[in-house]
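In what follows, subunit A forms one complex with subunit B and a second complex with subunit C.
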Partner chain A sequence: MSASTHSPVLKHHFDDLGQQHASERLGIWMFLATEVLFFGGIFGAYTVYRLWYPSEFVLASSHLAWKFATINTVFLITSSLTITLGIRAAKLGDRSALLRYLLITAALGTAFMVVKGFEYKADLHERYVPGPMFQAEYAEAVKPIATMTHAQAEAYFAADATKSHPDHEPWARDLALRNHEGSTAAPADPGKIQLFLCFYYIMTGIHGIHIIVGIGCILWLVWEAWRGTIPPENYSTVEVVSLYWHLVDAIWLFLMPLLYLAGIGYGHH
Partner chain B sequence: MADPTTPATTNDPHGIRKDVDSPGQLFVVFATVLGLALVNVFLSQSIGPTKFTLPLQLAIGSVQAGLVGYYFMHLRQGDKVVILTALSSLFWMGILFVLFMGDYMTRHLVVSQ
Partner chain C sequence: MSIAVPHGTPALATTSPVPPEPAPAPVNYLNVSHTIWSWLFTVDHKRIGLLYLGSISVFFIIGGIFAALVRMNLMSPNGAILTEDAYNRAFTAHGVMMLFFFLIPAVPGVMGNFFIPLMIGAKDLAFPKLNLASWYVFMIGAAFSGWAVLVGGIDTGWTLYPPYSSRSSQSNILPGVMGVFISGFSSIMTGLNIMVTIHKMRAPGMTWGRLPLFVWSLYGTSLIQLLATPVVAVTLLLLMVEKAAGIGIFDPTIGGDPILFQHMFWFYSHPAVYIMILPGMGVVSEILTCFSRKNIFGYHAVAWSSMGIAVVGFLLWAHHMFVAGISFYAALLFSLLSMLVAVPSAIKVFNWTATLYRGSITFHAPMILALGFLVLFVVGGLTGLFLATLGTDIHLHDTYFVVAHFHFVMVGGMVIAYMAGLHFWWPKMTGRMYSDWWSRVAAIIMIVGFFLTFVPQFIMGYHGAPRRYPNYPQEFQIYNVLSTAGSSVLGLGYLLPGIYLPLSLFFGKKATANPWSATGLEWITPSPPTVHNFDATPVVVCGPYEYAIGVDQMGRGLPEPPGPGGSDGPTGPSGPMKKETEVVG
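Here is the complex of A and B:
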């Protein structure tokens, strides 16, 4: 070990800090490669079904809260900036800036999850959840228009939409009208709509778990930085967590178009 | 990052400060990635769900992810083993996609025979 690289941060099994940092980076990148393949499998399954059932996926996506997702995109991209600024602060030995950037990053991650919570709550309130809730809501929307002409059904749902407390959820009205006899649009299979929703909840749920793990890691970094155990020689600790956080951000950049933007601009009845 | 070939100075014995990110550059990358996200939403809304929308959305997403990887994840610093690892993950994902898409997207041909 050369004298110029001796540091209390150096682990005994490395020759110098350069080797240690390179090993830490390689280790986390190996892990990220497994994450890419993990999400790649899910994206692949989504791709197959999207190609098989394009109209149902567009219709299902059009009822998701893309505005919530856009706000969350802003949160995540901003958090990627702040954690990168945190690495810079760690390298420069600026502990207060490091703490500040880490806390901002954790706060943005938490804000993401809070918005996600509101989004799930709205979905649950609309019974836009695959399974019995979905089926019951859809059946309730189909039942009153079963004996109506298509024009009458349109008028019935238009009147329902103007109520302060509509009897039917927007997605159920839309789906029931589309599948109503006399509709010029191609029918949409409720089962395939629920398939999209399965992807939506699984993909955003797994991503959300990654966000929660990332917040935990960042809070651990806050604790370590507060204790003063992240000197410039140990900046790679911050970098390792940041690489994970950036990957989670990058995955969201694909979830956004696949789930939320797939049906944006779709003309509802 | 500091590596065995990074020159050390008296003030920076481990060569850590040598490649500190420029805040200006980070903010430009941030603004670009954020701008692309908003462009993606705006374009999707304007065009609507056509057959070109998804490829366009994914192309924008890929550029965003590329910027995040290159600048925020420091791939630009050229650690060759790390770049190899990152590219390998994409290569293996490509194999994954080619194999199962080759199966699922040709099944109807087999059935129709």
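Here is the complex of A and C:
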């Protein structure tokens, strides 16, 4: 009763640190449950459309930048390791190690967002954005091949692809060719491609916001650790943030296959 | 007066001594500090409960004004006072305000915050700062939605169905939905806080089987808040993106499915009606047993039925969509599951009724309201079965029958239960007794006014009057006029507590610690409670409702219960109680 009762980190309304830590842990797990339901709603909606429109989703996915996403996956998995090492450092009372691991974690999270930013920039450059931009780009690709035979259209796009500044984006060539009159492949509805892209932007956007919040929480921990207010008996503060961070990583591990790997077998690359 | 002990229960020869009335604490949570900042930055769960009380009272008045506008407009078949567009905005504002900013936060925000720690013997909720944050988030959400209503309103109905809301409507969808979205996080925060508190903060001896039923009902409520609210949050987010970007996943022109919105919306919004009603059931469980001076009948059945409602409530959302084009087999399944939820609800009603049987009932305002709840909830619940039945729902869907059913449960049930709880705990919250006579009159006016308002709607709905239409055939006018007349009586019933409760703060008698002679831990503290609730952590040795042997949860005797009442009103004990001679076998 004595040591823990008078601990400066014990909040007034708890009897002892054990109760305080148990409450914090239960609280964060319940919060994670709400997060799972939050993303669950949108994963559920994705599943419905994926089952309805499989070929469009595969085609749309195949034009996303899976290389960026792979690098980002490595960043996030590594960051989960470093924050866990941070818990251990906090438990051992090794403040410099704690600060080091927290900063590495925050840096990896930031690197993820930077890569994500480049990816969005590339998407925007390719005009691979649902709405007027997508529709205009698609219409531009459809127009010149409207009167061609299928073989002529293929040759036209092949020539376009070799230019240093192609007139058409790869996805627009692909989609226009597939919907061309002479194509043997089943047509792909451009509307449903945009539907996939809505999911892509919304899901990665919400996930990105979660990453930014996570980086903020980790930087707050850095501040607290630097001030020396995370003594070993209060290591659960680090644990609580780490649980949130792991969840955000885990959600990425679902987003990666749903968004990027769905189209990996589609043979145009 | 005497305490009736049910037959078969042996009267205890020895009863615990009645503890002396605790002296009113010179420093309590209300007078400990007086600055505005001490309220705005408080982390005391009791003060936060009062912050919620103040804000939801305002939203209740706003929602009530819109209800009055709707009812007055329906006096005439072609609309008495509003244009058709204004009518759409008025009923939407009524729905949004009442559901999201009154019913959902009402009991968890006010009474849950205030009484869960007191009832389980804790100093505060587990996360006091999160609790304060929840109130701020709630107010920010309310500001968005309130702004949307003030600058012209929303015309979609509170259900916000696309594609109308996302493509056609020119009203203030974005700020309105944003407000609801934000306030949802407040609901999650409150639910999470209450749930962790119940798990981790109980006083020694407060086992799960000794928790007051109000705590059980809020546990079920919090479960729904935690697991359902995030789904509507993401649904509303998708709707906002679609509205803002002009393209989104519910957009039928790109292959999106508006019905998917309805599924996702009702996955929350059906369980949300249990967020609204379950706390009311908890309040009523406390009051019925206290004012019939009997142990609750079937404690475990009532407690577990709260969990049953919370769980089954997740499985029946699509009964809102029977005519929306879902598959016949899905409709069949959801019809069956909808009837299933009547089982735990009925278990509660039967146990409450059995609690009343041969009790020594006194009719103070909380009890009158609780009995009113019992009757109105039975009507609301049974008419729900008509709507769960697939065949009759095709006939009754989107008629005033649905409106009447919903209001019987939500207003007749929940608002009445909220009022009952407010009257029951008002002495504890404020330290003052309100007028006994006026409160009884108000309770009766509320119940009578409610019947007058909504019974005509059942009849007109059964005859096919569709809801939400500003115009109607002449033959329905009589019902609409009756309903509007009844709503003015109901309005008077709500107005009265708005007068005598605030007046009691200045002119009411000082309340004793336990004016109703109730058994819960919240009554062992002085009225109003001290800042840290308990001087010493209470040790619980008894179940929550030991009225038969007359002991509270700490095993101490109870003060004399209030008499049948009169001009004096309940003032608590005037002297030590001679229990041995008054218990009858």
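Observations on the structure shown:
As a convention for this text, the second predicted complex is superposed on the first by the 262 of 269 C-alpha atoms of A that agree within 3 Å, B and C clash if a C-alpha of one lies under 4 Å from a C-alpha of the other, contacts with A are read in each partner's own complex, and residues count from 1 in each chain.
Rule of thumb we're sticking to: a contact is a pair of C-beta atoms (placed from the backbone, for glycine too) under 8 Å apart; a residue touches a chain by one contact, two chains touch by 3 or more.
From a predicted model like this one, the values you see are computed outputs, not experimental measurements.
Measured by the number of subunit A residues touched, the leading partner among subunit B and subunit C is B. When the shared chain is aligned, subunit C comes close enough to touch A:H13, but subunit B does not. Once the two complexes are laid over each other on the shared chain, residue contacts for A:G40 go to subunit B and to subunit C alike.
Look at A:M30: by the touch rule set out above, it reaches both subunit B and subunit C.
Residue contacts after overlaying the shared chain place A:A22 against subunit B and subunit C alike.
In the superposition on chain A, contact of A:E126 is made with neither subunit B nor subunit C. Applying the stated contact rule after C-alpha superposition, one finds that A:E140 touches neither subunit B nor subunit C. Applying the stated contact rule after C-alpha superposition, one finds that A:D167 touches neither subunit B nor subunit C. In the superposition on chain A, A:I202 contacts subunit C only, with no contact to subunit B. In the superposed pair of complexes, A:D189 makes contact with subunit C only, with no contact to subunit B. On subunit A, the surface touched by subunit B in one complex and the surface touched by subunit C in the other have residues 15, 19, 22, 26, 30, 33, 37, 40-41, 44, 48 in common. By the touch criterion stated above, subunit C contacts subunit A in their complex at residues 122-128, 188, 192-193, 195-197, 199-201, 226-231, 233-235, 237-238, 241, 245-249, 251, 253-257, 260, 264, 267, 532, 537.
Those residues of subunit A that touch subunit B in the shared complex are 4-5, 7, 15-19, 21-22, 25-26, 29-30, 32-33, 36-37, 40-41, 44, 47-48, 50-51, 58, 62, 66, 70, 73-74, 77-78, 80-81, 84-85, 87-88, 91-92, 232-233, 235-236, 239, 242-243, 246-247, 249-250, 253-254, 256-258, 261-267. The touching residues of subunit B, when paired with subunit A in their complex, are 1-6, 8, 13-17, 20-21, 23, 26-27, 29-30, 33-34, 37-38, 40-41, 44-49, 53-54, 57-58, 60-61, 64-65, 68-69, 71-74, 79, 81-82, 85-86, 88-90, 92-93, 96-97, 100-101, 104-105. Across the complex, subunit A meets subunit C through its residues 12-15, 19, 22-23, 26-27, 30-31, 33-35, 37-42, 44-45, 48-49, 52-53, 56, 130-131, 189, 191-192, 194-195, 198-199, 202, 206.
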